[in-house]
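Note that chain A is present in both complexes that follow, paired respectively with chain B and with chain C.
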Partner chain A sequence: MSVFLQQLINGLSIGSIYALMAVGYSLVYSILNFSNFAHGGVIMLGAYFGLYALNLLSLPFMGALVVAAFAAGLVAVGLEKIAYSPLRKRNAPSLYFIISAMGASIFLENFVVATIGPTFKTYPEIFSTTPITFGAISVSRIDILMFVIAGISLAILVFIIEKTKVGLAIRACSYSARGSNLMGVNVNRIIFVIFLLGGMLAGVAGMLFGMKYTVYPQIGVITNKSFIAAVFGGLGSLPGAVVGSILLGLIETISAGYIASQYRDLIAFSLLIIVLVVKPSGLMGKITEDKA
Partner chain B sequence: MFSWFYIEGILILVGINVMIVLGLSLLTGFTGLFSFGHAGFMAIGAYVAVTCTMQLNVPFYLAVLIGGIAAMIASLFIGYFTLNLKGDYFCIATLGFGEAIRLILDNMTIVGGARGLPGIPLDTTLVNVIVIDIIGIMAMAYLIKSRHGRNMIAIREEELASQAIGINVFRYKMESLAISALYAGIGGALWAHYVGFIQPLMFQLTKSTEMTIMVIFGGLGSITGSVVGAFILTFLPELLRELANWRLVFYGAAVIAIMIARPQGMLGGIEITDMFRWIKRTVTGENRRAKAAAEAEKEAKTELPGEGGGES
Partner chain C sequence: MKKKLTFLLAIIMIFSLAFTGCSGSGGDSGGGNGGDSGGDSGDTVKIGWIGSLTGDQAPWGKCESQTVEMLIEQTNANGGVLGGRMLELVKYDTKNDPNEAVNAVKRLVSQDKVCAILGPNASAQALAITNVLNSAHVSDIATVATNPKITVNDKGEVNPYNFRVCFTDPYQGAVAGGYAADVLKYKKAAILYDVASDYSQGFMQYFIETFEAKGGTIVAQEAFKAGDTDFRPQLTKIKEADPEVILMPYYYKEVALSANQARELGITATLMGGDGWPSDNLFEMAGKAIEGSYVVNHFDYNDPEVIPLTEMYIEKYGTTPEINCYMVHDAYGVLLAAIERAGIADSQAITDALTQVEYKGVTGTITLGEDTHDPVGKEAAIQQIKFNTEKGEYEYVFMQKYGTQE
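Moving on to the complex of A and B:
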């Protein structure tokens, strides 16, 4: 039983990080209807920004987190301006967006390899590594921190989307960007906000991920799993992305704990295919229909 | 500057990539389906063919064919479940499939697992590759011109309308995926017998992306474009080798630039045979389009008085 509880806590903590990343995929999908494969690159840059904010600017932890969030947010907005906005103006099919995103992802990853180098970097030890024990189970401090910060960030996001005027416009655009535009919503500004929010969450996620593991240019590949989580929950649905991520985190840690850790990723990808076959729009996704 | 051995090696790689890109071109360029799982089909082709040549002493050409057919069978299985998915979701399902194949191979100790499989006979020569490429290109050109190819193009242009006029959309999508997987499997098998060593890591998602980028670069809906795309994008990294780490940075930037500046790719929808026809027309001075226009005008003039007022 204690093993199960232990895995449960590990799963929740990794799942909450997946949620921060998956929400970025879903935000973009909900309005632009394409999978932003460059998001992994933004997450990776977030990890580096956090690392350098700590090491070079010697900021305190919260300061570095804010720097990482804003820097990653700006990168995401910049990417949108360079790689997507010309396509958007031409009404290009989503195919071209995906290819452009893949190009951006190759660019970001190799830009870091060329400038910073391909070596693994570790975060300085900010929090003591001695775990906190509750009876038979022990939880590392970083896991608790990840869960709490992810929870707070997601709560802020939900507040923005549900309670503010910008959030109302975002929700309107996700139903129909064209209709919202006719009602006086500045769609370009909403897309700017979407990329900024997604990028900021990516920065936070990247920094937390880097603190738990290490930082290297190929982190973006691991973030593919958060993409699976987004699909699992239903692309374009924010609650879906969060639920999908938590479930994926739990399934991963429990299968690693009870079956074998080398089958963990295989189970994740098989799950993706099974979900798509059984329920193509994910657990909570909006139903996509072909436009006639 | 370069030794012949080096150039021959790159040419063989070009030939292998031409094969895979041709297959992917049928799926993406002519049928309008996107796949990020072709590395998975390549892996199946490579591992099956290698098992045939190394364990069962099957002759090389037959082993390559068996590898291709194995990939095709896998594609029928995966296509049956996922081809009903729309747009992005199909491409995500293929991504999951490709990664799943790689991870299964990672855990299969019988074929070397993650450490890979060394000592494969080096049977892929330039002549072999050229022969297989020519057969592949001719078969593909024939297929595209046939009823099957035209139906696939119709599906790409307008799926609902094709269904409405009685094209079995699912069947032709399946056909396209299966033939595409056959080409990818053959390509994978050739690759394995050229490198002499295979490892699941060689068939990562990045490999699928690389192939898709070649198709897009060359131009959607063009066999000539696919061949040219495979040729240029295989040579380009070799020419940029001096730039070392910056190589892939430029590559990524170039992909974005193409999407923005010329999204139809270099030769989107244009074939080399069209160019021959165009050259012939300009050389002989026989401009069919101008002639047709003049004739139409004449006809219109003779018909107009009868109509009374003509068009307003």
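Moving on to the complex of A and C:
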């Protein structure tokens, strides 16, 4: 029983990281209807920003987290201005956005490899690494911290989207950008806000990931899994992204722990295929016509 | 205006493709571009080097290529080879990808016309290039590639153009298994391995064979894929099986992560690993977690014979060299001996000479066996990781040399 609980905790902790990453994806997809593959690159930069904030600027943890979040947000906004905005102005088909996103992601990864270097960096030990044990189950302090921070960030995001005027505008744009434009919403500004928010979440996710594991230029690759989780939960639905990610984390852990660890990815992704065949919009996705 | 701009961009892109085509994939080349007539018949003797200059394996590949450059400089300053000919290095980055390795070797043999190749430092790449070597009749000496199939294929025949100066995975696995059973007297072992890695699987296979032959039992065997960062599902299962020792036959990044996570889960078993562990970052990333672990290594840093080379490298590059430095030094030494013995810079003559020379390198005396192209009779060094309270840092402590019958 305690082994099961331990695996449960493992799964939740993996899932919460995926959740933070997946929400950023979902946010951009719900408005612009394209998958922002460069999100992984922003997450990776978030990990590096956090590291430098801690080491070079000697900030306390929360300060570094805020710096990482804002810096990543700025990168995301810059990315939008350079890689996506020109395409939007010309009403380019979605395919072009995806190509541009991939190019941006490759650029970011190799930029870091070329400048900072490909070797791994580790975060200094801010929190004690001795785990908290409940009987035979151990939970690392960083896990609890991550869960809490992920929860708070997501709660803030939901608050912004549901309760503020900007959030209302965002929701309006997700239904119809053109319609919102006619109603007086400044769509360009909303897009700016979305990328900023998505980037900030990515920054937080990146720093937490870096703290828990290590920092290296290829962190962006892990975000493929969170993209899958977002699709699984329903692209375009923020709660869906969170639910999908946590489920994916749990499924991965259960397959590795109870079936066979070699088949972990195989099982997780087969389930994904099955869910999508049965319900193409994902678990909680909205059923919209293809806007492309 | 727009059409002109597009046309201009297209021309620039085509030109940049041409230039990158000439100068190698992503890494610098030491020379040999622009279409000269090939290294053998000119004044310089060209040798090639392939390895990972970017990616996970970059620290090792970079160290290796820098060592070769340093050694070539030294040889050329002392008069070169074959009565005064200068050595020239052509190097390519394989990005730890077997496909890139094949491309690099194709370029080396057809475009750059090298007479022999040093590297790579990874088994998957060394395996991939066999066919190209065979059709071009150019030899390759692998430095730290340990998979047995590189030199002796599945049918038991030796690959005529593959050689190596390090021990093989079966040997590493058998040494680890033998040491764990004979010397440490363990009876229950668990293994966490990388299912996507030839190296990890080979190591594990022979560990199991030797450990079980000496009376031990494998209580758990769990897998992951390189690139994974979370091993706790597998480690929880391993913890349940209660082993005395856990074998971790893979590379330092995953070792650091899995070792840290194992300790976090409350696992107290001893850890064991192979030549994928040692690296500059390992102690920084997981020192506390791996304290007391045993590592099967090609040699020991404290061996007095290696110190002059260490100092030469530190003086030129300012950092401590990795294992690759010493292995490639010996590979280079063997190659030079073979070139001199062959008398001409012809790749086939050099191939024939490689099994006829004996070279006393820093990692041991190396004679490449005719039917295996592996070094004959080299013992492995077992090291334990301990915390040195005087120096305030972790270090490898040499335990003993351990050899085993395969």
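As a convention for this text, the second predicted complex is superposed on the first by the 288 of 292 C-alpha atoms of A that agree within 3 Å, B and C clash if a C-alpha of one lies under 4 Å from a C-alpha of the other, contacts with A are read in each partner's own complex, and residues count from 1 in each chain.
The rule we apply is simple: a residue touches a chain if its C-beta (ideal position, glycine included) is under 8 Å from a C-beta of that chain, and two chains touch if they have at least 3 such contacts.
If you're wondering where the values come from, they're calculated on a predicted model, not measured in any experiment.
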Next item on the list: Pick one for A:231: touches chain B only (first), chain C only (second), both, or neither.
Entry: first
Note to self: Contacts for A:107 in the overlay, against chain B (first) and chain C (second): which applies, first, second, both or neither?
What the structure shows: first
Item checked: Touching partner for A:252 - first (chain B), second (chain C), both, neither -> second
Next item on the list: For A:280, decide between first (touching chain B), second (touching chain C), both and neither.
Entry: first
Note to self: In the superposed model, which partner reaches more residues of chain A, chain B or chain C?
What the structure shows: B
Next item on the list: Go through the superposed model and pick first if A:133 touches only chain B, second if only chain C, both, or neither.
Entry: second
Next item on the list: Please indicate which partner A:80 is in contact with in the superposed arrangement: first for chain B, second for chain C, both, or neither.
Entry: neither
Check: After superposition on the shared chain, which partner residues are touched by A:6: those of chain B (first), chain C (second), both, or neither?
Finding: second
Check: After lining up the shared chain so the two structures overlap, which partner does A:272 touch, if you call chain B first and chain C second: first, second, both or neither?
Finding: first
Next item on the list: Could you list which residues of chain A make contact with chain B in one structure and with chain C in the other?
Entry: 113, 221, 262, 265
Check: Which part of chain B faces chain A closely enough to touch in the complex?
Finding: 34, 81-82, 84-89, 91-93, 96-97, 99-100, 103-104, 106-107, 159-160, 205, 209, 212-213, 216, 244-249, 251-256, 259-260, 263
Next item on the list: State the interface residues of chain A toward chain B in the complex, per the touch definition above.
Entry: 33-35, 82-83, 86-87, 90, 92, 94-96, 98-100, 102-111, 113-114, 221, 224, 227-228, 231, 235, 262-263, 265-266, 269-270, 272-273, 276-277, 280-281, 288-290, 292
Note to self: For the complex, give me every residue of chain C touching chain A.
What the structure shows: 54-56, 58-59, 195, 222-225, 227, 229-230, 232-234, 236-237, 240, 253, 256-257, 260, 264-266, 280-281, 284-285, 288
Check: In their complex, what parts of chain A are in touch with chain C?
Finding: 3, 6-7, 10-11, 13-14, 113, 117-120, 122, 129, 131, 133, 136, 138, 140, 213-214, 216, 218, 221-222, 252-254, 256-257, 260-262, 264-265
